[in-house]
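Look for chain A in each of the two complexes below; its partner is chain B in the first and chain C in the second.
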Partner chain A sequence: MSRSVPLTVLAGGIALLAGLAIQIISADAVWSPSYGLAAALLASSYLLAIVWRHGAAAAFLLLAIVHLAAIPLIGHIGHGEGEMGPAYWALLISGWLAAWTSVTRLTAAARSVPPSARQAINLLIPFVFGVWLILIWEAVTRGAGIPQVLLPAPSAVWAKLIASLPILWADFVQTFMKAVIAGYVLGCGIGFGTAILVDRSPFLKRGLMPVGNMVSALPIIGVAPIMVMWFGFDWQSKAAVVVIMTFFPMLVNTLEGLSASSAMQRDLMRTYAASYSQTLLKLRLVEALPFIFNALKINSTLALIGAIVSEFFGTPIVGMGFRISTEVGRMNVDMVWAEIAVAALAGSAFYGSLVLIERTLTFWHPSNR
Partner chain B sequence: MTDIQATDAASGAGGTAEDDAFRVIEARELCLTFETNDGPVHALSNVDLTVDRGEFVSFIGPSGCGKTTLLRVIADLEKATAGTISVNGMSPEEARRKRAYGYVFQAAALYPWRTIAGNVALPLEIMGLDKAERAERIARNLELVNLSGFERKFPWQLSGGMQQRASIARALAVEPDLLLMDEPFGALDEIVRDHLNEQLNQLWDRTNKTVIFVTHSIPEAVFLSTKIVVMSPRPGRVHDVIDCNLPRERTLDIRETPEFLEIAHRVRDGLRAGHAYDDE
Partner chain C sequence: MTMNDVLKSKTFAVGTVVLVLIAIWYFSAVMLNAPFQRELDERAKLSPTTGQFIEATLNQKRPVLPAPHQVAVEIWNTTVEKRITSKRSLVYHGGITLSSTMLGFVMGTVLGVTLAAAIIHVESLERSLMPWIITSQTIPILAIAPMVIVVLNAVGISGLIPKALISTYLSFFPVTVGVVKGLRSPDPMQLDLMRTYSASSFQTFWKLRWPSSIPFLFTSMKIAIAASLVGAIVGELPTGAVAGLGARLLAGSYYGQTVQIWSALLSAAFLAAMLVTIVGFADKAVRRRMGIMQ
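This part shows the complex of A and B:
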C-alpha cells in the first residue's frame, strides 16, 4: 500500500510532463520565466511527495512549495491574457493536484499531532480549498479571456471592491444595519413571544399552528411589493418583509423546543412545587435553546435574502439589492460581484457569531460536549 | 381475602403507634383506573396501606403491579380515582405544595447544563432559599452521599452510580421527612447497587427519615426494609405485607443469615402466589 504512488501524485506528474512537452513542441506557446519557475517548483513538490511521505513536517513543506508555485502560475497569465493554451492548462491542473496531495497528507498527519495543532489544521484545510477555488477562477477567467460581463476575475472584483468602499459601506448600512437587523430582531422576538403565548393556550395551539406551518412553507418574498405600498420605499418596508419571513420559523421551532423536556424532568419540577415561570425558565427554555438557535440560524440567512430581494421592488438610491439590480443593468458586473462578496461576508459573519454564541450556551448538549 | 390480610398486617406493624402524629401515609381502598383505547386499565384496585414515621417500606412486585403508580399517587404525580389517601395528614397535593417529600426517579434526571452543585441547588432556588443557606445544604448533602469534591463537575462527567447519588443528594437537600424512591438503582450494575444499598441503609439509619422504596429485587427489598409490601398485577393490588425485623444497622453479610433468607423466601412465595392467582 505505502509502496504505490498515490493517484493524485501520478496524475499530477503526468499533467506536468505533458504540459512541458506541449510547451516545447507547440509554435504559438507563450514563454515567460514564470512558466519555468512554476514548472520547476511543481516538479520539486512531486519529487518531495514521492520521497518524503509521512509526518506533519513533510505535509507542511509540500503545502508551502505548492503555494509558492501558485504565484508564478498566476503571474504567467500577465504575459498573454486570454491566450493561454493546453500547455498552461496542464500546468494548472498539475498545480491543483499537487495542492490536493498536500491537503490529503495534512489530513493524514492531523491524526498524529496534539489536539490544538489538529484544530489549526482543521481550519487550514477549508482555507486551502478556498484559495484554490479563487486561483482557478482567476486563471480560467483571465487565461481563457472570458468576457467580464459573464464572469469577472476575482482580482477585478477585488479592485472594484477596494475602489468603491464608500458606496458599498452606505449600501451595507442601508440594507444590513437597518433592514436586516431591525427586521430580524423584531421577527425573532415576536415569533418567540408568540410561541410562549401559544404554548400556554391550547386554543391557539390548535388554531394557529396549522396556519403557521402552512405560512412558513409559502414563498413570503412575494409580499415584498405589498410591503413597499404599506410602509414606503425606505428600509422600513424591507424590515417588514424580514419580520414576516423570520416570524414563523422562530414560532414553529420555539414551540417544538418547549416540548423537548422529558416527562421525568417536568415531574421533577412538579415534586418541587415549582411555579409555571420557574419551570419555564429553569427547565423548558434551556431545553428549547438548541431549537431556538436553529431558528436564529435559519433566520439569519432568510433575513439577508429577504432584505436584498425586496429592494428589487422599489427603494431609495442606496442599498445592496438596489445596487445589484441597477449595476447589472449597466453591465457593471464586477460591482455586482463586489456586492455579492460583501453580502457573503456579512452573512457568514452573522451566521458564524450565532454558532459561537450557541456553542457557549448549549455546551451541555450531547452534540457539543 | 388479600385486602383483609394486608390490612391486618399493616395494623399489626403500626400497632404500637396509634397516635396519628406517627402516621405518614394512610391509604384506604385506593383505586386508580386509566382509560385507554383498549378499555379501562386497573392500575390500582382497593389498596390499603399505612406507613409510620421512621419506617423503610418497599413495594415489590412484577411489572404492571402498580408499585410505581402507588408511589406516584403518594407524590401527587397521579390522582387516585377512588378511595382516600393522606400524606402527613394532608392530601397528597397539599403535601406536595408544602414540599413534604423528596422524590428520586428511576434515572438521575440531572440537568446537563448545571454542575453537580447546581443540580442540588435547583430545588433550593425554587424554594427561594438565600445563597448562604443553599451553599450550606449543598455541601452537607453531597457529603452525605460521598460526593464532596465533585461540586463543579457536570453530570455527564460522572458515572451512573455517582449521578444517582447526586440525585439522592438533590432530594435530601429539600430536607423532607419522607423520601420516595422509584427503582433508583434499577439501571445500575450489581456491584454498584450493593454498595449504594449499604450507603442508603446507613443514610436512613442516621437521618431517621421515612423511606418508601420501589424495587423488583427481592434481596434489595429485604436488605433495606422494615416492611415489604408485595404487590401483584391485573388489577394492581397489595397481595401481602411482610414485616422485616432485621437490626436497623445492616451490612451486606446479613444476606447470608437464616433470618434474611427466611424473609426472602416469604417474599418469593408471596410473589409466586400473586402470579398463580393471575394465571387462573
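This part shows the complex of A and C:
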C-alpha cells in the first residue's frame, strides 16, 4: 500500500503535465515568467511528495513550497485578465491537489508530534483550506472574467472594504454596538430572570417548557415589521426584535440547566442546611452554566441576524442591513460583500469570545477536560 | 382520571399558559390601542362608558396591536372565504412559501447527509472542513439573502430556486452536525465486530453507521425544517412583496395593515408548527419500523 503513489499526487502530477502540454501546443496561450515559476514550483512539490513521504518536516516543507507556488499562480492572471485557458485551469487544479496532499500529510503527521504542535497543526489545517478557497475564488473570478455584478474577486472586495472603512464603521456601530448589544443583553437577561422565577413553580415550568420550545422553532423574525411600527425606524425597534428572538432560547435552556443537578447533589446541599439561594448560587446555577452558555452562543448568531433582517423593514440611512439592501439595489455587489465580511467577522468574534469565556468558567465540565 | 391527575397533567399546564398568554394579549391590545381611541372619541366629541371604550379599542381598523379575534377573523376571511387561487388568499401565499421551504429543506438535508458521510470517511476533510462549517453558522447568513435573490434574478434565475437556495444554506448545517454525530455513535465494540466480519467501509456505513444515525438525523431535521421556513420567508422580502408569507409581511408593513401582518405571522407560526410535527410523526413511524421505540 505505502509503496504506491497516492491518488491526489498522481492526479495532481497528471494535471500539471497536461497543463504544460496544452500551454506549449496551443497558439493563444498566455505566457509569463509567473507561469513558468508556478509550474516549476509545483513540479518540485510533487517530486518532494513522492520522494520524502513521512514525518512532520516533510509535510511542512511541502506546504511551504505549495503556497510559494500560489503567489506566481495568482500573479499570472495579471497578464491576461479573463483570458485564462485550460492550461491555466489545469495548473490551478494541480496546485489545489498539491495543497490537499500536504494537508493529508499534515493530518497523518499530527498523530506523531507532541500535543502543543498538534494543536498548532489543527489550527493550520482549516486555515489552509480557507486560503485555497479564497485563492480559487480569486483565480476563477479574475481568470475567467466573471462579471463583477455576479461575484466580485476577493481582492476587489478587500479594496472596497479598505476604501469605505468610515461607512462600514458607522454601519457597524448602528447595527452591532447599538441594536445587537442592547437587545442581546436585555433579551438574555429577561430570559434568565424569567427562568429563575418560573423555576420555583413546577406547574408553570410544565406549561412553559413546551410553549417555549415551540416558540423557539417559529419564524420570530416576522415580528420585525410590527416592532418597526411600534418603536420607530431607529435602532430601538431592532433591539426589540433581538430581545424577542433571544428571550425564548435563554428561557428554555436555563430552565433545563436548572434541573441538571442530580438528586444526590441537592440532597448533599440539604444536609449542609443550605438555603434556597445558597443551593441556587453554589450548585444549581453552576451546573446550569453549560446550558446557559449554549443559549448565549445560539443567541449571538440570532441577535445579529435579527438586527440585520429587521433593517430590511425600514431604517435611518445607516446600518448593515440597510447598506446591504440598498447596495444590492444599486448592483454594488463588492460593497455588499465588504459588509458581509464585516458581519462575518463581528459574528465570529462575538461567538469566539463567548467560547473563550465559557472555557474559563466551565473548566470543570467533562467536555473541557 | 381524578381531579388531581388533571391538575398535574402537562396538557392542563400548557393550556393554562396559553390561556394566560391570550389574556395578556387582550389586555395589551386594550392598553396599546387606548391612546388612539381616546383621540378619536375626543374628535367625535363622544364620552363612551368604559365597556364601550374597551370594545372600541378591540375593533379598530388599523390597531397598534390587533386583538386575537380580529386576527382570527382575518385568517378565516383570507383562507376559507377566498378562492385559493386568489392573490388575497393566505392559502395561496402560504403554498408559495411552503414549496420553497420544502425544496430547500430537501436539498439541505441531502447536502447535509452527503457532507457528513464525506466527513467521517476522510479525516483531512473533517479537519479542514468542519471548523469552516461551524464558522459559517456564526455568520449572519440571512444577510446575503437579498444579494442571492437579486444577483440570481439578474442572470435570469428567479422564482422558486433562489429562495430554496437560502433555505438550503440555513438547513444543511444542523443536518451535517447531527448526522456526523450520529454516524460516529456506534460504539467501538460494534465497529470491531464489523471488522471481524471483514466488512468493507461501504458495508459498515450501510449496515451499522447509517441506521444508528437515524435518530440524530430526525432531531436535526426538525431544526432544519424550521430554519428552512425562516429562510424562505426572508427570501421573499427583497423581491418587493410579490408573493408568499414574507411578501404579505412586507406589504402589510408598507400600508400599515397590522391585522394583515399578524395574520401572516400567525400563519407562518402555524406552518412551522405543522412542519415540525410532521417530521416528529415521521420520526416516530421510522423508529417503530426499526424497532427502536422508547
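FYI, the second predicted complex is superposed on the first by the 365 of 369 C-alpha atoms of A that agree within 3 Å, B and C clash if a C-alpha of one lies under 4 Å from a C-alpha of the other, contacts with A are read in each partner's own complex, and residues count from 1 in each chain.
Keep this in mind: a contact is a pair of C-beta atoms (placed from the backbone, for glycine too) under 8 Å apart; a residue touches a chain by one contact, two chains touch by 3 or more.
Remember, it's a predicted structure, so these values are computed and weren't measured experimentally.
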Looking at the combined model built on chain A, do chain B and chain C fit side by side or clash? fit
Given the superposition on chain A, which partner contacts more residues in chain A: chain B or chain C? C
Just to be sure I read the superposition right, which of the two partners does A:283 touch: chain B = first, chain C = second, or both, or neither? first
On the A-aligned overlay, A:26 touches which partner chain: chain B = first, chain C = second, or both, or neither? neither
Applying the touch criterion given at the start, work out whether A:336 contacts chain B, chain C, both or neither, answering first, second, both or neither. second
What is the contact status of A:272 with respect to chain B (first) and chain C (second): first, second, both, or neither? first
A:119 in the overlay: touching chain B, chain C, both, or neither? Say first, second, both or neither. neither
So, A:312: does it touch chain B (first), chain C (second), both, or neither? second
Given Cα centres, how many degrees, to the nearest 10, is the angle at chain A formed with chain B and chain C? 80
Name the contact category of A:353: first (chain B only), second (chain C only), both, or neither. neither
Superposition-derived minimum Cα distance between chain C and chain B (Å): 12
Footprint intersection on chain A (chain B / chain C) at none
Could you pull out which chain C residues touch chain A in their complex? 10, 13-18, 21, 64, 123-124, 127-132, 135, 137-147, 150-151, 154-155, 222-223, 226, 229-230, 233-234, 237-238, 245-246, 249-250, 252-253, 256, 258, 261-262, 264-265, 268-269, 272-273, 276
Residues of chain B that touch chain A when the two form their complex: 75-77, 96-99, 101-103, 105-107, 109, 111-113, 122-123, 125-127, 154, 156, 174
Show which residues of chain A lie in contact with chain C when the two form their complex. 100, 103-104, 106-107, 122, 125-126, 128-130, 133, 149-151, 203-204, 206-208, 210-211, 214, 217-219, 221-226, 228-230, 300-301, 304-305, 308-309, 312-314, 320-321, 324-325, 328-329, 331, 333, 336, 339-340, 343-344, 347-348, 350-352
Chain A residues touching chain B - in the complex, by the definition given at the top: 262, 264-265, 267-274, 278, 282-283, 286, 362-366, 369
